[in-house]
Amino acid sequence: MPTRKPSDVIVVGAGVVGAACAYYAAQAGLSVTVVDRGSVAGGTTGAGEGNLLVSDKEPGPELELALLANTLWRELADVLPPHVEYEAKGGLVVASGESGMRALRDFAARQEKAGVTAQEVPGDRLHDLEPHLAPGLAGGFLYPQDSQVMPAHAAAQLLRAAGDRVRLCLGEEVTGLLTGGAGEIRGVRTAAGELHAPYVVNAAGTWGGALAELAGVHLPVLPRRGFVLVTEPLPRVVRHKVYAADYVADVASGSAALQTSAVVEGTPAGPVLIGASRERVGFDRTLSVEVLRRLAAGATSLFPVLGTVRAMRTYPGFRPYLPDHLPAIGPDPRVHGLLHACGHEGAGIGLAPVTGQIIALCLTNGELPLDISPFRPDRFGTPEPAPAPDPGSAPDPGSAPDPGSAPDPAL
Amino acid sequence: MTASPSEPYDLAVVGAGSAGLAGAVTASELGLSVALLDSSTQSGGQFYRHPAPALGAVRPEALHHDWSAFSDLRRRLGASTVDHLTGHHVWSFIRESGGSGGSGGSGEPEESGGSGADGESWTVHAITGADGTEERPVRIRARALLLATGAYERQLPFPGWTLPGVVGAGGAQAMLKSGLVLPGRRIVVAGSGPLLLAVASSLAAAGARVPAVVEAAGYLRYARSPRALATNPAKAAEALVHGAALLRHRVRVLPRSAVTEVHGTDRVEAVTVSRLDGDWTPVPGTGRRIACDALAVGHGLVPQIELATAVGCATRALPDGTLGLALSEFQETSVAGLWAAGETGGVGGAGLARTEGELAGRAIAARLRGRRADPAPDRGVRPGRVGELRRRRDRMRAFADVMSAAHAPGPGWPAWLEDETDVCRCEEVTAGRVREAVTDLGARDARTVKLLTRAGMGWCQGRMCGTAVACLAARDGAPEPPAERRPFAVPVPLATLAALDEPTVEQTP
Amino acid sequence: MARTPADLVGAQPDPPFEITFDGRSVTALPGQTVAAALWGAGILAWRTTREGGRPRGAFCGIGQCYDCLATVNGEPNRRACLVPARPGDAITTQEGHGHDRLAV
């Protein structure tokens, strides 16, 4: 097998999280190899809406990450080219009745203590913010920190901005991890040969569990499917990211059953994007007419003007979901040299920069901006009832789940 | 979905061209209840597209080859119990029960049967109106489906191809056949494929001057498969008819050439035609200007299969670089209960489409009644008819593959492009931006090019730019055929989607 | 030899009628689509693109390419190659997405 020039770190996954890890590692002076079995942004990143949200997060570790990421995205927007379509548009959460409004008020009050800016908007002022909103809504909250970015370009431009220290190996699937005598990471094996580095970052998103398996460790990343509905090109008809109050409850739920809540936003390119559905059905890409019906019904109930507007396309994406809804970020104490940066569920675009920064700081022994123990990759222990894999033995790629066998979430 | 108490149709046929008509009337004559859905107000599909009755065409056959084959099918349709649902644009179909969906299509219809026999059914969703904008969505249930959606024209971009007056070759013919109009008085016909000669002879017969037919391939390639040609005398005769018409109208045919530039500011004034080498790379210094006021251009046809790929049907790469459905000996797709006929399995013309449509109609009738397709000693069925259809189908398919291979775009065609040339007409994405996505931004396939440039994200959903983007994304390797994935076969109003659970939209036999 | 498509098929159409294109009168034949009526009057473009403002008209002729989108009687994004022309129809050049009135 041919070997290639070693680097300081290998990042597996060229989605937005992998791109951010490579970017911040390169900024810290490290040489980075990014390897992906497909293209840049070819997985869940390419199916994302590009939400950079604080509004949907409960006070806690994920909100802390989101607030840090919010600041980093503002900085990146000045550095990256305009293609990334960064827009600090703000989020508007609306409630149809008084009880929903009370719940929003409580939620916002707790968030404000954690550093979130939220402004109550009475029902009769909603149309100043969103002229096309349906009449009769009780009110809402405006979250000025919420913003949006074009996900595929965010990944591509982060990698490009990372400069010469980053080498891209695309179309190369990782088939095994190389380890030394003490079980420490030495690099990865791909179909095209070996790549050497003392550190490997698992940024394989929804397929991160399979990569962990190659390293002989358990990380239960599961796909949580969502459909996005895309309209014909329109002028600006929706100014903010607008969503119904039940969205927050759906995001936090772990239910396998189909959940939908109306999330509507415009894009600089013209089409309006409509979400959001959540269901745990594996990697099934089959069109669900029921999901489409609910998404359309939700969007047209918020914005009746969209009724005559045509949906042109729809696509599923597979959010990388961990059982406690928190990502895995940082070194894996079970395998020296293995770090994880995956499992961000629906928040991967938003949390990418802070994830990349933490990984870079871990690699350079820098001072972390927050306590990362809630994101410990080994917090799920070993699976039961299956016998625990022996960490001392080399992983057998033949018996491990093949990340390539999962359908590529093509648009 | 609201459960409907009504019976489903035995068969829903999508597309009322040659294949769909043959399938629908055959199945109906064998006793099935059939719904035939088509977006047009008249049957015939693209090949037998003809003027609306109000235009009073006394000799519609003057624009068609083998008109009697169509008029025969139309007469049988009129005499049948088929519900012909015109102005129905199918945007999706899904299987409602059973679920597994992967086991059909391997061989002969078996006694045990697949769909239909065990209560499975399909739901077909359509919007209505001439262009699908009427507020009357329709839902149809059927025990079996026949997909006969035909093909659309393949395009390759070149400098100036977005100028008004540059039209699809098939488009010019369609507008002539249905509306009795021409895009200009002096029309160059260019591109590749057997359709060009037919288009040129129609345009000339209808009064246009055709200064040249510009064909990128060399016709000599047909000669490499003399057997396929010799066993398809009808096709050879058709070509001779066009050839004679072109001679009569003094149309020059320029093989191994392509239009590499269109001149004009708001509309076409002239084109530059260049010689091509064997890879379709323009030979420098060979360009010459031909004055014209329109250009009709096309590079063959692409099977229209997105309704089938959306439900997971297997596809096969065709010799011309397009993707067709993988079909069984009896026209069934890899998804049990879904059959296909005509261009959806690979472009082959109206005669092949009729043959496949009839074969599918017989196979479906046999399946729904739990019998083998052949022999079928049922009313109106001659013994051995299925075998005869299969032999004819195989012979014509072999010929179609030869034609198709001869007109596969050569790898050098992207040399026609300038960086400023629009590749995606809808989103105005230039070749330069597509190339940048591939060389600088890490795109390795058409999907990522689309994400990074919006090429293929517009109204046509990549139908016009799909081939070009796939070629540019492949860089030096062999391009993957465009995936033909479009979850909505036509755009659907959000209010229609939101109302999908209302029972009023159900259309029943 | 036929001189026009109508001669070729021996067309004896019902009486023609008028539609307008950007206010100017255009003669259409019953059974023609909006695009056919406009071609018949020598008009090849009735839309401008969103980005470049470039003129466009019918291209594929069979409802697949959506290049022929027109505003018909105030309703944008109608496929002119499919929509039948009706007496008195007002066709207007569609600029970009055609939805300016929705802009906020």
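Each chain carries a letter (A, B and C) given by its place in the written order, and its residues are counted from 1.
Going forward, a contact is a pair of C-beta atoms (placed from the backbone, for glycine too) under 8 Å apart; a residue touches a chain by one contact, two chains touch by 3 or more.
Chains and their UniProt names: C = Proline dehydrogenase.
Computed from a predicted structure; not experimentally measured.
The pair with more inter-chain C-beta contacts, choosing from B-C and A-C, is B-C.
Averaging C-alpha coordinates per chain and comparing to chain C (Proline dehydrogenase), the farthest chain turns out to be A. Chain centres here are Cα averages; for chain A and chain B they lie 39 Å apart. Averaging Cα coordinates per chain places chain B and chain C (Proline dehydrogenase) 24 Å apart. Between chain A and chain C (Proline dehydrogenase), the centres computed from C-alpha atoms are 45 Å apart. Residues of chain A found to touch two or more other chains are 232-233, 309-310. For chain C (Proline dehydrogenase), residues that reach two or more other chains under the stated contact definition are 50, 77. The set of chain B residues that touch two or more partner chains comprises 427, 458-459. Of all residues in chain B, only 1, 92, 94, 123, 125, 310-312, 427, 437, 440-445, 447-448, 450-452, 454, 457-459, 461, 483, 485-488, 491-498, 500-501 touch chain A in the complex they form. Looking at the complex, you find that chain C (Proline dehydrogenase) touches chain B at residues 1-14, 29-33, 35-37, 39-40, 44-45, 49-52, 54-67, 69, 75, 77-79, 81-84.
Those residues of chain C (Proline dehydrogenase) that touch chain A in the shared complex are 50, 77, 96-97, 99-100, 102-104. Those residues of chain B that touch chain C (Proline dehydrogenase) in the complex are listed here as 39, 41, 46, 49, 51-60, 62-63, 130-131, 133, 152-153, 162, 164-168, 170-176, 178-183, 205-207, 266-267, 294, 425-428, 458-460, 463-464.
Considering their complex, residues 14, 38-42, 46, 152-153, 156-157, 159-160, 168, 170-171, 229-233, 269, 271, 274, 286-287, 289-290, 292-293, 295-297, 299-300, 306-315, 410-411 of chain A touch chain B.
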